[in-house]
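Can you keep this structure in mind? I'll have questions shortly.
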Amino acid sequence: MKRRGRGIACMWYPIGFTVAANPSAAVVKINEDGTATLLTGTVETGQGSLTILAQIVAQELGIATEDVHVVSADTDATPMDTGAIASRTTYVTGNAARLAAEKARLMMFDVAAPMLNVKPDQLEARDHRIYVKGYPQRNLHVGDVANHARMVMGQPPIGSGYFNPATVALDPETGQGKPFATYVYATQIAEVDVDDETGDVDVLRIVASHDCGTAINPMLVEGQVEGGISMGVGFALQEEILFDAKGRQMNPNLTNYIMPTSLDMPEIEVDIVDNYDPTGPFGAKGVGEPTCVSTAAAILNAIHDAVGVRIHSLPATAEKVHAAIKAKQAAEQKQLSAS
Amino acid sequence: MVTVSMNVNGEKRTASVAPETTLLKLLRESFNLTGAKLGCDVGDCGACTVIVDGKLVNSCLMLAPQAEGREVLTIEGLATQDRLHPIQKVFEDKGSLQCGFCGPGVIMSAKALLDQNPNPSVQEIRDGLAGNLCRCTGYSKMIEAIQTIARERTA
Amino acid sequence: MATDTKTKTTALVDAEQLLRVPSAAPLVPFPVDVQVPDAARQTPAVGQRATRPDCRLHGLGQTKYIDDMYLPGMLFAKIKRAGVASARIISVDTSEAEMTPGVMAVVTGKDIPCNSFGPSLKDQPVLADERVFYAGDGVAAVAAVTEQIAADAIEKIKVEYEELTPVLDPLESLKLETPGVHAPSANIYGHKIIKKGDIEKGFAASDHIFEASFRTQMVEHVPLEPHSSLAQWDANGRLTVHSTLGRITLGRADIARTLGIPMSRIRVVATVVGGNFGGKNEITTEPVIALLSKKTGRPVKCTFTRPEEFYASTTRHPLIMDYKTGVTKDGKILARKIRLVLDGGAYCSWSETTLGKACILSAGPYQIDNLVAEAFVVYTNKTMTGAMRGFGAPQVCFAYESHMDDMAKALNIDPLEFRLKNVLSEGSLSPTSQTLHSVVVRESLLQAAQRFGWKPKTAPEAEGAFA
């Protein structure tokens, strides 16, 4: 018989390395037509970081995402980067990219200010133009400014920046300190059906509410949450590397290492928590790893709710769940006959 | 060495290969069509999915000589000089791919599904993609994309 | 053997295989004038659902991953894996492999100028030369004109081992009496402790004390794209390595160190990686293929098989987690004591980072004034455990959230309500007494509960579960 259950799990997760320096550097150069290029040492590993970085640079320069071309991952041509790890790219590399773009933008403002007869700090950049704050009728197209900068003033707008999260080393005796600059928070709620005769668990629905600070690109955040949940489902119910007595892996292949297919995935509903982190680029934090942290916990709590058994080890295979249900029934029988 | 000849994406292609060469290796190394990927080489992951004589095939499980004289359609055969294939377009719009490695295989499976069933249910879509493993996306935006294409076509 | 190996193998190799020139690229049609979808053309840029230009190329099958790269004269490398979990290497005989037609070079651990690397502890060899610490340890490598010849050749390499008893259970390794798994290092190669408040007072003041133990398993990243790298040199002694590394600056440093060459002579390029999830954050075969390329004067590519992805690349740390929590009868957590044992595999890899994060995060997103969290990482003779999405967080979250639900049930409080009573808020102090900002765990709980339609099953609390 199928029994339905629901389970909550909430979590917190840090951005960047534990205390240790993990800097990123970036360079932004502006072309004569106002479009731009970002040089970053980060590596695109599928999460869409290059597009996120383009959006951050575009925002700083007041242009559109498609106006920013990103060159990445070449130790000869791009600045150093600690890498696509620890969910740090949006926050650390993003901050570096924004700072680099800011410097290039300030060079643009230095050139635009006399063209508009104002001081540089009276200017703002948005919608492909540089405006005088409070008097928007006075403005110039970024292309005209960039062209003037290079061709007339001889000051090609270029900026480099770097960023490293501010941390405080941990006391070796008590662990007290500030290991990370910022954290993200999330909750996932799972709804499952457990077959109490076979132990099979069917994950029907997961609702995920994730904080990432400002969502630079909500579509990519959703993609990360959905992908993270798929890893969480596998971690909860299916995946396991098995060793023989001699220490050799017994299932190093995709036939016998079970991981989620399209048939194993629940309906997923994603909400992004409204939040802003002043230490992040335009308020952003990160999202890559947090997405798979609470899934297994939510599913296991849902199993507990459905059939009243607590599984203490992952994965919660059908065999394990079934054995736990049987044990519980036997214990209940014993109690009944004893009373 | 054996000589094999087949029609790939509408063009006759010929190569001389060792007889145990898979169709996957033939496509990638002899014909420079690297869209089909080697993810496991034993038919478990679907990254090598192509369409042979109208049927979905794990090209790592088919030997090159077995494709002799057949019609082979790979990811490279979907777009034209003028436009992306609708599946490619909607996948891009919906953010259905992330690292992209499983992408060509998934798109071929999606094409085969929609060719056979122009208005699939969510369960039918899940079934249609069941032979393609993806580690990045959770399949959600792929399913959404296929639903969108089906809707747009029947509209 | 003193005979001219190069002449012999060149003469014996089939002429067609020697050429290995990629055939002329087919005329694959693709549209050039497809408009960029709206969101990427909008300002302001932040907040847009901008599409990814790289994803257009993915959908066309045009993205070139490392394994899609074929260069003229390129050789294929394969690594011989130990197959034994713990052993001393007595001898390595590569002579039969070297004499095989089509094999152009062979290297062993002795050929590596500086045979150790690692993100923190440099305890992992590029190729094992004296000791094998897990079954996936590489002991030799071959470069040949085809992948098949390379795969066959490594079977012909004869390695004599003195097999030792492997230690597979982390709790066994934790006991100091066990002979060193990774001698001369101690079995416990990392330790972290967090102490906050007064744990004994906290438990003394509690109405109930709950204890539970949890375990998690070893899993693997399973990126669809296996690890791959390609090395080539120019006449100025400059090495270019294309690699699936997610950290090219570190990769360059590791290559410089293991090969003993200056960084200015090394270029590391990553193309788009087909999935990382933490498993591609340190070097694997890069120094080996660099040496093979140097020996042969030809580009050398090495791509992991799917089985190698499992048994020869990093995995997620299995954790053993013991929790003890003291609560008041109306559900306020007063004290928590945690012990974590991380199965640290054969080499350190990213264990230090994982240890630190797991320890700090293990208390959960909860306001706990009296806390002791202690974590150990131990060597075992199993696949190295490294960085995998979450660095210990998924494991401890499974433990602390299961524990929360067990306590909620025992106290007859709704699981959502129990969490809302205890979660961190803006300005809370973390387990390391850091003042937290931008804290929204309460908001995420309420938002998720509302969308889910969470209704408490137990007797409702008097005021505002959903306030």
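Lettered A, B and C in written order, each chain numbered from 1.
Criterion: contacts are C-beta pairs under 8 Å (C-beta built on N, C-alpha and C of every residue); 3 or more make two chains touch, one makes a residue touch a chain.
This one's a predicted model, so the numbers in the text were calculated from it and none came from an experiment.
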item: Chain contact topology (line, ring, star, complete or other); value: complete
item: Result of counting contacting C-beta pairs for A-C and A-B, higher pair; value: A-C
item: Mean-CA-position distance for subunit B and subunit A (Å); value: 30
item: Approximate Å spacing (C-alpha centroids) for the pair subunit A, subunit C; value: 17
item: Overlap residues in subunit A, where contacts from two or more other chains coincide; value: 45-46, 48, 219-220, 228, 231, 253-254, 259
item: Sites on subunit C at which at least two other chains make contact; value: 49, 51-52, 54-55, 222, 272-275, 277, 306
item: Interface hub residues of subunit B, defined as touching at least two other chains; value: 40, 42, 44-45, 95, 98-101, 133-136
item: Subunit B-touching residues of subunit C, taken from the complex the two chains share; value: 16, 22-26, 28-31, 34, 37, 49, 51-52, 54-65, 67-68, 70, 148, 221-226, 272-275, 277, 303, 305-306
item: Parts of subunit B lying in touch with subunit C, wherever the complex brings them together; value: 1, 8-9, 11, 13, 15-16, 18, 28-42, 44-45, 47, 74-76, 78-84, 87-89, 91-93, 95-104, 107, 133-136
item: Contact set on subunit B toward subunit A in their complex; value: 40, 42, 44-45, 94-95, 98-101, 125-127, 129-130, 132-143
item: Subunit C contact footprint on subunit A (complex, rising order); value: 6-14, 17-19, 41, 43-46, 48, 50-51, 54-56, 58-59, 62-66, 72-76, 80-86, 126-128, 168, 170, 173-180, 182-183, 185-189, 191, 205, 207-211, 213-220, 228, 231-232, 234-236, 239-241, 243, 245-249, 251-254, 257, 259, 269, 271, 273-279, 282, 284-285, 288-290, 292-298, 300-301, 304-305, 310, 312-315
item: Interfacial residue positions of subunit C with respect to subunit A in the complex; value: 36, 39-55, 83-86, 134-136, 166, 168, 192-196, 212-220, 222, 245-250, 252, 263, 266-278, 280-281, 306-311, 315, 353, 356-357, 359-361, 364-365, 373, 381-383, 387, 389-391, 393-394, 397-398, 400-402, 405-406, 409, 415-416, 419, 423-424, 430-434, 436-441, 443-445, 447-449, 451-452, 454
